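Some structures are shown below for you to check.
Two complexes are shown next, each including chain A; its partner changes from chain B in the first to chain C in the second.
After this line comes the complex of A and B, so read on.
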């Protein structure tokens, strides 16, 4: 096999190049428009960290070739129960452990349904999303204080720093990278995503990996829920509602195929989440309005995915 | 293997809707409520049948071919927004407005299909991009205000039981003819069961995929118009706020697949939609909270899927028990 040409290499780095272009565009537009770039960067980190945490964990699920759209609702329920725990006990540690514990419990239910009853994971997560969204309404109703559940902002303000958020994200990425790259788990997951039949015949236990993937992902959901409370301590039925879809976008934006398999990468989620954060901030600086901003975001998303696909296009239409 | 008689097939086809009706009637009797009380109940029922049948057709056309489509709700929303805005500006009646919604939605579907065919990006990802794009279009088109037709009594007056039945019947017949009795349908089925062989035998996959997206879009145009005429307005949503409509179609799609073993699959989907419409009516008549509705619907979906995915094991156990009791 000969050395790859530059043209062949570009798709592999399209997502990273895309992030670089977006960062450059952010600074250029910021300078031209005389915008507060520092403040904008904080907003980007705040927006992107939660998506990056949830998406990094979700890479394990997506690597197996599964799609989970209940991640947003799971984050929302974990955050609501975490906030209720804090209001009842006044302990930030208990709030933290509740967020992670609830997310783990949801992950166990999801993976059990899929592996014990042989259900397709995607449809299971559709059902879970409905149940969890409804559960959020019930929790807010139980709280009996209007349409929101609040944690006093001053109580969580000491944790609302970029250093803590980035620190948590880096620690979680390191954990995921270790499991994904240095343990057999990641290799086996890629094998299943690439060729499930061959993986099965090689003796790889898909059910066990599905449970591991759900649990690793649940830790990211729990951390995301905790940081959601820290950033926006007034929670409502829409808390984290868009995360499920944002995660898919982030993973794809980061250059990972949604079908999983051998090209799955842990860092794809982080690259994608921050690309989306920069893109949203650029749209805000350009003051295009919500409608046009979203149209341009969609077009750029499709363009990046198109470039990242490179020459991996067969004669048949992809399914 | 012995094939069941036509009577048995018919009875099995009607089993789920009849069972659902019977269970709901018993609950209604216990609660002292009438399931069908007055015209409003019938209207609610037939509107749900129309909406769910058309949405399920739109979802299953592409999903059966492995093309997942998140953009159904966005197509419905944007086509209704365009049709409603033009109805307001041109002062046209309900049928021309419906025609505009259908044509606009078919074009949106065609554009979606075009992006998919040209870029070869996996369909689920294209649909994510198109959802964002169409939601943004609807927002930009009306400046975020949406459409209000509350003063247009002619369009609101379209929401009659007769029209709901008519639209459902037309859609069912059209989809059956198109997918079961035309060359397009034969090619669709060939591609569905063996993509590679079908393409190698000369079937034009791209044209077929474009057709599927256009038909799916057109069906969502009707759904969008039904919603517009019913509420007299079209609310807008961004950031994937439009995808919820798609999730109502999963249970009827799986029920339709099961009924499709005994009768035409499209009729099966309609019977699945009838079952769902009965449940929706019951929710309304029993004054069920929306959170409880979501949980019950999700549980029904999971239970039905558990049965479908473990049918052989369940039936084997059942038959074993039957044999033991016979001995």
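After this line comes the complex of A and C, so read on.
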């Protein structure tokens, strides 16, 4: 039971090492293929920041051992209502607050349903995903301007900068890190994820934590929705639809088990999201076609997870 | 530890091997292709024409996007093309064309629209952009006419009870709405005195009504009747149930579909007396459907229809963009081939599916690839899109 050796600790950093390897591969392949790697870095940030935001918030929910599959639909509805608010008022601040406010409202509904009916968050989010997907169609219909809801690109272009996006991401990560690491919330959530019965017997209020997790996650969803509008101000029924799956992949790619518990880490989501970004860019440079690219991505994903789980294999209890 | 080292080495070796392999394509002109449909037979036919014929004939490399579902995906894909030093983008994806044009213009790469067009408003805004090559494809007027001709074909045969599959109408897919509007307009115009659809009695009113409703209502249209309608692509049991119910509707004679007719209705129509008409492409599956009597009428895109927009893009990349007398980009309409029997379909399909002698061969396109091609000559070339005209060009 002594201190872990360096050899034992390295697998815990496998996801970070994996990210490093992908960055190295990106530069090497970029040089071989004569690609514009500098532009590519901006593209990676643009493509990863929304997933990183939503996934960072979702870490709270995953830590509890739960899964939220309505993340994409919640982001989509928040973005659509945010865009409609902007079109009605012309205020970017109101658009921002609408995105975050709608996401918080959805989070409250999710967690309230889970508390009132004593249901797992996963179950309420299944229902919520269907409701929100239908609601997106209703909103687009109400808007009455074809199959999209648009904000004028020139109005949001000043916000479409790497500095603003990275700034928002860093601020949110700092907030989440503070809540997760410095407040009892994180430890209690890990306890519930690791052993819910023990946590219950120790007097930890799971419902309260579920509400907190939903609200923190909702802030990430709202910020992601806002940046989705800024990045691509033409929204449709598929807006953010892939985020739910991307978040799961990012979290696992970042070295965190989807079963939650004591090995949950806030930074896992960011590492995973950017690893996916680099991997996608590498596949794009190799021009393998989406089919082969997806298969290779899947193989690399499995390898990284295999290494990350290496230190835990054969152990009864995680710490 | 040893496992991890091995795994990292494996990943790096794999990626390096792939990069060396793909570097063999270096030096070719790279063109990015945006696609919102990567799996339909129509999309595969377009792709095969580009990658298996054009890429070899003109020594270019096509880099395809993943299947795009929204404007954010389009923007990311164009970013990826820019990273890959693509000289041009040909777009089959239309979630936000203005944003695509702006992005390409800012990056200094050429942009062209395949199998579609800009709206009049959009064209006015972008026609003089240096990097906007133009658009060649079915305009909304052609989409409308396609639906109109389909309905008129059956009305002229004396049929009176119609079903309709609206595909993307509930999702406000413009081309589907225009095709559906064309069908309804034909019914209104040929339905006798006082015929109207929910009070609308002309093309524009009908288009407006569909946009307002996000769907289509059944009912009498003069002496004709729309007896059943199903829209959307739900692909669940209830939706398939509605499709089956539509085929079984009493008295129904023909089902007009704005697209995907055989895929969604073929199984129900087989063995019935109901005729099926659709807009699709000249693929073996459609050929089988027509041969077996499931499909009765098809307005189809042909794979090589994307040849002319490639020529225009190729010219632009090589410093010879085709512009009109005022320096404006291309805006040319291109319609469908219509087959109403199996023999006709086979004749069209044989030309369309050839990777060695497609509809638009290099010999034909070389007449318009290079310096000094006038807008009028190129427009005349594109306007000859019917099967017979293209066969004549080959001689």
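Here is the rule we use: the second predicted complex is superposed on the first by the 306 of 319 C-alpha atoms of A that agree within 3 Å, B and C clash if a C-alpha of one lies under 4 Å from a C-alpha of the other, contacts with A are read in each partner's own complex, and residues count from 1 in each chain.
Please note the rule applied: contacts are C-beta pairs under 8 Å (C-beta built on N, C-alpha and C of every residue); 3 or more make two chains touch, one makes a residue touch a chain.
These numbers come from a predicted model, not from an experiment.
In the superposed model, A:286 lies in contact with chain C only, and not with chain B.
Contacts of A:249 after superposition on the shared chain: chain B is touched, whereas chain C is not. Using the contact criterion defined above for the overlaid structures, shared-chain residue A:36 touches chain C, although it does not reach chain B.
In the superposition on chain A, A:153 makes contact with chain C only, not with chain B. Once the two complexes are overlaid on the shared chain, A:216 sits clear of chain B and of chain C alike. By the touch criterion stated above, A:301 is placed in contact with chain B alone, chain C being left untouched.
By the touch criterion defined above, A:267 reaches neither chain B nor chain C.
According to the touch criterion, the shared surface of chain A, contacted by chain B in one complex and chain C in the other, consists of residues 137, 141, 242, 289-290, 293, 296, 306.
Contacts from chain A toward chain B in the complex involve residues 67, 113, 117-120, 123-124, 126-131, 133-135, 137-138, 141, 242, 245, 248-249, 252, 257-259, 289-299, 301-302, 305-306, 309, 313-319. Contact residues of chain A toward chain C in the complex are 7, 10-11, 14, 17, 21, 24-25, 28-30, 32-37, 39-40, 42-43, 46-47, 137, 140-141, 144, 146-148, 150, 153, 228, 231-242, 280-282, 284-290, 293, 296, 300, 303, 306-307, 310. Those residues of chain C that touch chain A in the shared complex are 1, 3-4, 7-8, 10-12, 14-16, 18-20, 22-23, 25-26, 38, 61, 63-67, 69-72, 74-76, 79-80, 82-85, 95-96, 98-99, 102, 168, 170-174, 211-212, 214. Against chain A, in their complex, chain B makes its touches with residues 65-67, 70, 115-117, 119-126, 128-133, 135-141, 143-144, 195-196, 199, 205-206, 209, 238-240, 243, 247, 250, 290-295, 297-299, 301-302, 305-306, 309-310.
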